[in-house]
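Chains: A, B and C, in written order; residue numbering restarts at 1 for each.
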Amino acid sequence: MPYLKDERPATMMVEGDWQVGAYRYKAPRLLEEFSAGMKEKKIIGSMCMGCGKVITQPRNICGRCHRRMEGRRVLSDWGTITCFVTSPPVEKGRYKIFGMDPVDTGTLKLGEILIPVFVRFDGSDSNINCLLLNAKPEEVFIGMRVKAVWAKELKGAMSDLEGVEPIREK
Amino acid sequence: MDKRVAIIGCAQSHHQYDVQKTREDLVFDVAKEALANAGILREELGTVVTASTDFLDGRTISNVFLSMAVGAFLKDESKVEEDGATALQYALMKLLAGAYDVALVEAHTVGWQFNPHQVSFYTIDPLVDRQVGLLNDISAAAIQARIYMDKYGVSQEDLAAVAVKNLSNAASNPFASRRLPDVSVSEVLKSKLYYEPLRELMISPVTDGCAVVILASEDKVRKLGCCCPVWIEGVGNCQDAYLRDRNLLGMDSLKKASASAFAMAGIQDPFNDLDVLEISERYAHEELMICEALGLAREGRGKELVNKGVTSMCGELPVNPSGGALGADPICATGLVRVVECVKQIRGEADGHQVGSVKRALAHGQFGICAQKNTVVILGGE
Amino acid sequence: MFRNCAIIGCGQTKHSSRRRDVSVAELVGQAVDAALLDAGITMKDVGCVVSGNMQGFGGVAQPDLWIGDWMGIPGKPAIRIATGGTTGGSVGQGACYTVASGMYDISLGVAWEKHSDSKEAGATTGLMHVGMGNLFHALTYGLSLKNLIATTAVGAAAGVAVYQARFYMNRSGCRQEHLDMVAAKARRNAAKNPYAHLQWPNCQPSDIAKTELIAFPFRYGHVCPASDGASAIVVAEEKTARKLCKQPAWFLGMGSYSDEENQLQSENYGGVGVIDPSEQMGCRVSAQKAYAMAGITDPQKEIDLAEIYQPFPSQELIFSERLGLFDDGTAWRHMEKGETDINGRMPISVSGGVNATNAIGSSALQRILEAALQVQGKAGEHQVPKKVRKAVAHGWGGVTNYITVTVLGNSPR
């Protein structure tokens, strides 16, 4: 097995760069409708007129039917948790986004426990991925009923849907 | 080949610099059109082979979000990361192996997204050549043009003549992007200088575009009752060594690729056996070199074909009646667009640039700096 | 139908997190030379070269143009096939198709990845860019940064596999300790494989259970490494294969069906119609096609060994069910009983699998290669004791929607 031993001395390193930031991506205007709906506390999904599937966030093309999803439906803002993940308590240096530490920038609090969930809002055939708020990690279960939590100030952006919270008996 | 495979449908987009559509819409529309052209439903498809590259599309796994648009939901799917003509060869091989009987081949690039010339720069050896920073696809092509011109006494006017021929041909092709019906040699020679001797109008334009071709095996063609199948009679593929290690003068890989294709198709005299050629000439001098490598002219005499009008639209052996890559160059799709154009010529459907009755055509696709890789496809009517 | 072809030679390099002793060209050259040596042929005999890797990691576009010499490409037909995580599987199938079509008699399939060439932590650069366009799009519409971090970074190394594992655990009753068992088995098996990356000779589930939690149910001990490595196979048509090789590994069936995106988004941050990413319809259909081509009607009885692409232990369980090797929801029970061990009834990933060695571009080809070694009886210390008549090699990738399934056997169709 001549290639199993590292017989040769280390190679030298040559630096190079791959600039991905210079791209201009083309995008449809689908998310515009979705964000505009956010301002009115509406969750909008696109519907395929061939198979009747409703997808949110809206998507352009139905793969099964090979046609554009031209229909639009407003979904209920009540839904069911189909999956969840709990993070360990947030520490500094654990997450990095665009080269910055979110604890430093104040996006996350030290010791916070994040619970990202998949929520299937009633009427939808897809999941939305968002955060579960106002709940303890121990009480989450698959099948839990939740409702949307809207931002106090609605801007017409995806952040208007802050997350979901459990539906509690009053 | 004892088994036969035919092209039963094809479609291309209207190529332009900014096609004002997302990748998904671009691919979807052309795929839908091709399926309609073939007269089949998506359900008939067995396998899908796409061609696009990650660097050009700006996404790792450039085909992953396009599978639905191209019609590959729950279909066998794969991707070739180079020219569409090679994707055609791969799909052909899947059908010849008998694994499937209908294939969809798609190729696209959105040149507006990220300058393809910059991507070519990233194909260059990162250890030495990229550090030196002098080589890129245009400067390398200019070096090749200079070597060719010096060896055989080819002038700038000869290069400009190729550009004039193709750009005015492109004007009759509704799908091309750079259409200049009355361009002159002096105009070409006055256009912006990139690297001596290459000027803007001698270099293919950066374009957005997509092409889709549907293949079917012989039995399936009969079963579907397709009118006008165009048979793939031969295919050849070859790749040269890296840019600085190869002979830039000779287009060796194209000679080998065309030799395989001609052998498969039983062609011994390409000049007389073929009725039209659609070749991918990213630079004007490449058309001259390609014609020589294909055996249409002796070494260094490619310019006679253009100057004597042999390869013009009404000449003995028209080359690039659609305008070729100089008319529209959606990088990965260019070779497949050449295939689509040949199919239209054979079917008599090339509105505006039909060259009379065509029985046999040659389509050529290339990839890599100075045409490092070449794929040749020979197509024939019934 | 299908001209018979077989793998007659395999070559791979030692995998480690930083192969600093070779450049990427030399790494590929090592694998190619080893494969040619194993097959008993020279580069002159090769008719066509099919190659692939994920170009994002190496920062070189179309690397086969640059390092083609090291794969013997100049002057030969060459095709570059790259499909993300399944690249290796697509390359292997591509090499088979070039020969099965009748166009070439001997083909070389090469796949590689050199993660250490990328400055950022191994696999992050290239993987982030799968969804890059979509992320920028969503950010333009005001997706909150907190939401972005929480949904993509929690389980960052694991990506969507965390959710996939959760779905599987919920519907089948599998527990976290079963994932510990699978990961321990992978590292124990890898210790018998001289080319593998994470080798841990007596790894026990309790060793894995001691590692830190990333996000339930995944621990650091469960996650695959990012390796530098290359693998190559030589595929030949029937006559040549019989002449050159005592026991070729025959290609019996292949499938590569793609499903709708299983991950959270489609192009431009749209949703997807797949609720449960552990459903893997694409895998079921690919396996159906591959088994039909191979003439297999009862995979549970007819398949002797499986090499499953399992960067995460939950995927070994999920995909073994989708490949028809166990009934739905029962894979973890069979694994618990030891049936998937090297000397078990249905050995799975006896090479250690992707969980122990992950050079992304080449991993799926390695699964085909390892299955071939088992069929040929050449796997050395990690050779299963029983005779391998039919083996299945699997790969997944894309946004969990790409699958390759290849069935190899010890006699032709």
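Note that a residue touches a chain if its C-beta (ideal position, glycine included) is under 8 Å from a C-beta of that chain, and two chains touch if they have at least 3 such contacts.
If you're wondering where the values come from, they're calculated on a predicted model, not measured in any experiment.
**Student:** So which chain ends up in the middle if you average the CA atoms?
**Tutor:** The chain sitting closest to the overall C-alpha centre is C.
**Student:** So which one's got more C-beta contacts, B-C or A-B?
**Tutor:** Ranking B-C and A-B by C-beta contacts puts B-C first.
**Student:** From the centre of subunit B, which other chain's Cα mean sits the farthest off?
**Tutor:** A
**Student:** Between subunit A and subunit C, what is the separation of their C-alpha centroids in Å?
**Tutor:** Centres of subunit A and subunit C (C-alpha means) sit 27 Å apart.
**Student:** Could you please state the distance in Å, as a whole number, between where the Cα atoms of subunit B are centred and where those of subunit C are centred?
**Tutor:** Each chain's C-alpha centroid was found; their separation is 33 Å.
**Student:** Between subunit A and subunit B, what distance separates the C-alpha centroids? Give it in angstrom.
**Tutor:** 40
**Student:** Where in subunit A do residues touch two or more of the other chains?
**Tutor:** Subunit A, residues with two or more chain partners: 16, 18, 20, 23, 25, 27-28, 60, 62-64.
**Student:** Specify, in ascending order, the residues of subunit B that touch 2 or more different other chains.
**Tutor:** 22-24, 58, 67-69, 72-73, 122, 126-127
**Student:** So which stretches of subunit C touch two or more other chains?
**Tutor:** Those would be 23, 56, 59, 129, 132-133, 260, 266-268.
**Student:** In their shared complex, at which residues does subunit C touch subunit A?
**Tutor:** 13-14, 20-23, 30, 33-34, 56, 59, 125, 129, 132-133, 136-138, 140-151, 153-156, 162-163, 166-167, 170, 194-195, 212-216, 260, 264-276
**Student:** Which bits of subunit B are touching subunit C when the two form their complex?
**Tutor:** Going through subunit B, the ones touching subunit C are 1-3, 22-24, 53-55, 58-61, 63-69, 72-82, 86, 89-90, 92-94, 96-99, 119-120, 122-127, 235-243, 245-246, 252-253, 256-257, 260, 367-369, 372-373.
**Student:** Can you list the residues on subunit A that touch subunit B in the complex?
**Tutor:** 14, 16, 18, 20, 22-28, 60-64, 66, 68
**Student:** Please name which positions on subunit C make contact with subunit B in the complex.
**Tutor:** The contact residues of subunit C facing subunit B are 1-3, 23, 48, 52, 54-56, 59-62, 64-69, 73-85, 90, 93-94, 97-98, 100-103, 126-127, 129-134, 254-261, 266-268, 281-282, 285-286, 289, 293, 397-399, 401-402.
**Student:** Along subunit A, where are the residues that touch subunit C in the complex?
**Tutor:** 1, 3-4, 6-11, 16-18, 20, 23, 25, 27-28, 30-32, 34-35, 45-46, 53, 55-60, 62-64, 82-88, 95, 97, 102, 107-108, 114, 116, 118, 120, 124-131, 142, 155-160, 162-163
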